[in-house]
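Letters A, B, C and D name the chains as they come in the text, with residue numbers starting at 1 for each one.
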Amino acid sequence: MSVTRYTKMAYSSADEMVFGTAKSPVSYGFGIKVGAGRVIPELNYAPRPGSEKDPARLAKEYVDYISKDVLERAVTVGFPDVQLETEWVSQMGTPKMAIPVVEGQKAICEKYHEEYGINCAVRHTIPDQREAGEEGLRTGMKGHHAYPEALFKAAEVACENGADVFSVETMGGKELSDYATTNGDVVAFLFGVGYLGSIDMEYVWKEFVNICKKNKTIAGGDTNCAGANTAMFMAGGYLDNDVQRTYSAVTRAIASARTLVAWECGASGPDKDCGYEGPIAKSIAGKPCAQEGKNCQCAHCDLQGNLMAQVCDLWSNESVEYHPEFGGSSVQCWLGSLGYEVSLMNTAIATGQEKTLRDLYMISDRSRGPEGYVLAYDNAYKIGEAIAKEGNNLYLRSRAAGITAAKLIKAGNEAKEIALTNKQKDVLVNIIKDLEALPDSEDKFFEYCDKKYSDLVPLYNKKNYGF
Amino acid sequence: MVSHKGVDYTKILKRYDVEAQNETTPESVAKKMLPSDPTLKKVAETVLYMKFKDVGPAVTEALKTVKPLSVINDGLVVGMECVAKLYAEHIYYLPEIMMAAKTMEIGIAIAEKQIPGGRETKGLVVMHAAEGDPHDIGKNIAAVMMRSSGYSVIDMGKDVAVTDVVAEVVKSKPMLITGTALMTTTMTAFPHAAEQLRGKGINTPFMAAGGAVNRDFAESFDLGIYSEKAPQTPPIADKIKAGYDWRKIREEWDNIVGGA
Amino acid sequence: MSVTRYTKMAYSSADEMVFGTAKSPVSYGFGIKVGAGRVIPELNYAPRPGSEKDPARLAKEYVDYISKDVLERAVTVGFPDVQLETEWVSQMGTPKMAIPVVEGQKAICEKYHEEYGINCAVRHTIPDQREAGEEGLRTGMKGHHAYPEALFKAAEVACENGADVFSVETMGGKELSDYATTNGDVVAFLFGVGYLGSIDMEYVWKEFVNICKKNKTIAGGDTNCAGANTAMFMAGGYLDNDVQRTYSAVTRAIASARTLVAWECGASGPDKDCGYEGPIAKSIAGKPCAQEGKNCQCAHCDLQGNLMAQVCDLWSNESVEYHPEFGGSSVQCWLGSLGYEVSLMNTAIATGQEKTLRDLYMISDRSRGPEGYVLAYDNAYKIGEAIAKEGNNLYLRSRAAGITAAKLIKAGNEAKEIALTNKQKDVLVNIIKDLEALPDSEDKFFEYCDKKYSDLVPLYNKKNYGF
Amino acid sequence: MVSHKGVDYTKILKRYDVEAQNETTPESVAKKMLPSDPTLKKVAETVLYMKFKDVGPAVTEALKTVKPLSVINDGLVVGMECVAKLYAEHIYYLPEIMMAAKTMEIGIAIAEKQIPGGRETKGLVVMHAAEGDPHDIGKNIAAVMMRSSGYSVIDMGKDVAVTDVVAEVVKSKPMLITGTALMTTTMTAFPHAAEQLRGKGINTPFMAAGGAVNRDFAESFDLGIYSEKAPQTPPIADKIKAGYDWRKIREEWDNIVGGA
């Protein structure tokens, strides 16, 4: 597959973007149409401890319990569409464990679609179990688990046996982003995620897109869960004190340049809910994106619960462990939450009020923290423009994303739009300084970072990225 | 004000209930299930159509030519089976179940008198709602279901002390005990009751049910078995009658309730 | 206390009603102002099984775990207000069990208020453990638990030890509503809930209001959980087949006439979240009401998840059992859900878009089922008018509420606004017939019902209602 | 478009983080805690201000007049204690902890060489992330916290097989084992490991931690104890050092971690 870089914006203005509609809608599964004028709930779940013990148990858990509960509840409340997402547990690395789940979920979707006419589909998100360091992200390295062959094998298993949408959260750059976030080093993040991560994405996504094409599976997309989400998760809320939210906000912008690569390799979206960079990526590419927020409290609580709904096409709960509640099983309770939120968005679309609701979502969290601030669709659009402008250079575009985000926050703070603690300000100022001090030449940047992080990050190994 | 006139609701919701409504009539189900014998058919129909004024005369009339046990099993109970089928197919609802069951019971009471020594039921079940728990509708419904499937029931009511439950079980030796709890703080009574029963050497299955109870909890103590919905109880009870102990019920639970 | 019946509407039009504002706002606790221009999240919880074993454990569960988790999360995400609701478990009938909980929750609210400036308060909802039949709802009957004395004693314990708001869900009429709902008999419901229930409400609420006054506790209100909620709960969703939703919708309207009585006895609101009759009651009385819907999926799923937010002043999760989730403890996850929804509503208020959002909530569920249809604020207002018109007669006003609701559904169905199954229609037609066939005279109505239900409902005993 | 200009945000949210920010400076905390001896103070300050270029010279200088154990305990460790205090008060954050710890370790390495037989740590801890689990940041942070509180750590990394964990414990006899799991399907490795350890007569507490693990789970198997956050580990380890077994840790858990 060839790679086509984005150098222009898909939308002519920020205001043009809204939830439920994407420039390039995608259809799949049993009647699902994403980005085609209405939002769709996407429900994700984790099996109960112990169900991973054997293939029959795992399939029963995913199909007879979880999927059935979800579809049943969707019909009970009148939701017209529902998408299931199975994030593979590590045990599904072996086909014997994975196949019954993939087949079973396909079959139960078909059953409910035929019986009730509900639109439904399953996204399979396979794990990237490659390991950096000597182990190796590429073929021909030491990898005792024989990755990346195993990764591509898992993709085949998913696609051949019934996945409607395919996703991965790839690991490229993680060794550096782990270091970056725990040590507050934004350059390490830029190097790991923005640069090396993008290179790795290209390596794996060309192959994923081939596998998907062959099997008529939709190639959804990737997200930088390992980087920007870890940062956001650790930055937490007002009582947390591990990572600064100004740092986390900037990592998000950098990650968006990486996330784009899957689409540049031919994936079509919808990308993954935990890619909070969705508004930025969508502004550039016009492809549908899944998002999460208010109704993913089961999985985590961040500071942009409403805002993230502003331009979503699928609305997700991130993940919930399967267990009973007064109101049914946990997956049913969270589907209810998602489904009603989606109903509200679709009501807004049906009555021509979608931009008003979008703005209410956005204003609710615009000032809650710097992460939401940079993702507010107007700011997201500006970051998108910065990326598109340098679209052909993986390094320069990620750096531009980071600098733009940081400066937007700074300007917003000066304009009293977004309050910051002194610590958040200090970190922000240093980020701008550090990013601006970097050379403009990709080669020099690589040389500088390669040397610096070879010392600091034991697992860093440039062979993983084809150097 | 945003107007709801002319809104395209297909984007927002789908009325699966209206779309899926079953056009089957009680008559068409009845045609397949009712007895062909006209006397018994008449008896069954009083139950099917919940005619509790007519059931007495119909049963009395039938008893003239048909054995009492047959009036019950081939007339009244068959009528109730039709009702259960209609309920499963979403044609009949709870009120119909309740009224049909009442009709059937009136009929059984009359027929039973003619059976020397009374009718033998499938077995005895002791039912109650947990100590401190006022939620009893689920239990009441389950009791009706149990009676209509041919079990006799001692309904101890709600807010029943553990000691009273144990005493009743010791006294009346049921084949199954059921407890209903809708509160997390009352369901803890069940393991206590079960423990005391075990202490007395009683191994009768103790079915824990009601909104607060889940399968994990119900199976977390010896004797405990689970039932999620009232209509699941008769198939479980049938297995107990067939000789299953609580361990075996647990093992085969998914299969047993699969159809219910 | 004297009783002042409502015979006029508090609002001059349906459109005047909106979430966050009530004609008569109420202030209490540590900075809480309900109905005064912004919506407040109210979080309710059930302790883990086993925590009821002794007073220390129960207090620890409610205070150190549940309340602390909630307050902590509220601060973490930046929610300005939070209300806790403790629905007493039956063990709290003894003061030894109840007092440490009430005192402890007060103290921890104070602590967080002082430390962070968060506005907070606790509602205590005591259980009504009176039993109908020979046992007795009134003094001087056989009641082996010595109720209603125990009920008033519990109220004193709550108010004397720190309850900010006081509520009960009283049982008057329950023996008849249980029969009514399982047998589909709307007249039994009218008699039990609309008539006898209202009489019982007056009996107990005069006393509750006295107790609250004495202790400077806010007398919140009551709801017909035992009647209309049981019906709604059993009517369930599209795959349930116990009770018809047209029946359930009518019982809701009837219940609203009963719920009013607490306020007529001097209570001030906010009433309880599970009183879905809130929009009707608020339209008549202008007092603030708590509601639940979309974000109470943990407790149950009904067909008006969005709609119920339309005119709420507090927004509740109904209840969740305390347990861990990926995103924190269950109470934290549901607080996050509530809080973000409230933030959306308050954003709408702050930007002058509250009526638009209200209408989106309403339209989302207006056609989902008959229960939501009668509670849509325009229809709710019409039911309110029917009640106010007959405001002085407890029987006639409940009957009017029931008939009006039934006819609204019928007209809506004919106008193709609300689809109904044939079964729902049949039941609706019979309801109208049955209610219209009733005598216009209260005495005759009583006579008729007294005779009929003495036979059918073993627990019915007119002595319970002072006859 | 709805404008956000001029919106009254006080209705919507409250920036508790900005309102509550602590104006205390590292200097003011340091003033109260740093050693008065100027040489040791200088050593402590290199840690406090994360100067890993200066720590070597400062320690070397100090070793000329101060005993190596004192350089460590009264200089480097005191500096780290200041850092912990600043972290607790939300003045320092994770990066400062990481860098200060690194600084301290450089200093300790130098001083240690001068102690015959090496320095004795408070105890040995074996740490790992569960088999199949790639989530290791939490473990890495906890490892740093443990090292900075004076424990030595064998960090086995992530995705560590149960058999490897058991083998390492048998070999190196730690006072505490920790396992991190962020997935419901990987945390089940812990009870297996604990069972195998018990089988070998090992009773070392097995701390189960990480996002997926909760206290109920951690305490559902013998040896298992819980820790919610990385900073809670040192106080628990201190109790184990003081002689608590896993049962006693469980009993007093709330009190032990209360302060952390």
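Everything below uses one rule, namely that a contact is a pair of C-beta atoms (placed from the backbone, for glycine too) under 8 Å apart; a residue touches a chain by one contact, two chains touch by 3 or more.
None of the values given here were measured: they were computed from a predicted structure.
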{"item": "Set of chains adjacent to subunit B and to subunit C", "value": "A"}
{"item": "Shortest walk length in steps over touching chains, subunit B through to subunit D", "value": "2"}
{"item": "Taking each chain's C-alpha mean as its centre, the one farthest from subunit D", "value": "B"}
{"item": "For subunit A paired with subunit C, centre-to-centre distance based on mean C-alpha positions, whole Å", "value": "41"}
{"item": "Between subunit A and subunit B, centroid-to-centroid distance (C-alpha), Å", "value": "49"}
{"item": "Separation of mean Cα positions, subunit D and subunit A [Å, integer]", "value": "31"}
{"item": "Residues within subunit D bordering two or more other chains", "value": "2, 4, 7, 9, 12-13, 15-17, 20"}
{"item": "Two or more partner chains touched - positions in subunit A", "value": "46, 75, 78, 237-239, 321, 326, 343, 346-347, 350-351, 353, 356, 359-360, 363-365, 368"}
{"item": "Graph class of chain-chain contacts, one of line, ring, star, complete, other", "value": "other"}
{"item": "Set of all touching chain pairs, with the criterion as stated earlier", "value": "A-B, A-C, A-D, B-C, C-D"}
{"item": "Contact set on subunit C toward subunit D in their complex", "value": "37-38, 64, 75, 78-80, 116-118, 324, 326, 343, 346-347, 349-351, 353"}
{"item": "Residue ranges of subunit A touching subunit C (in the complex, touch as defined)", "value": "46, 72-73, 75-78, 236-240, 293-301, 303, 305-306, 319-321, 323, 325-328, 330, 332-334, 336-337, 339-341, 343-344, 346-348, 350-351, 353, 356-357, 359-361, 363-365, 368"}
{"item": "Sites on subunit C touched by subunit B in the complex", "value": "15, 46-52, 89-91, 127, 129, 131, 171, 178, 181-185, 230, 234, 237-239, 241-244, 321, 355-356, 359-360, 362-368, 417, 419-423"}
{"item": "List of subunit B residues in touch with subunit A within their complex", "value": "2-4, 7-17, 19-20, 211-212, 214-216, 254"}
{"item": "Residues of subunit B that touch subunit C when the two form their complex", "value": "1-2, 4, 7, 9, 12-13, 15-18, 20-21, 87, 90-95, 98-99, 132-134, 136-137, 140-141, 159, 183-188, 217"}
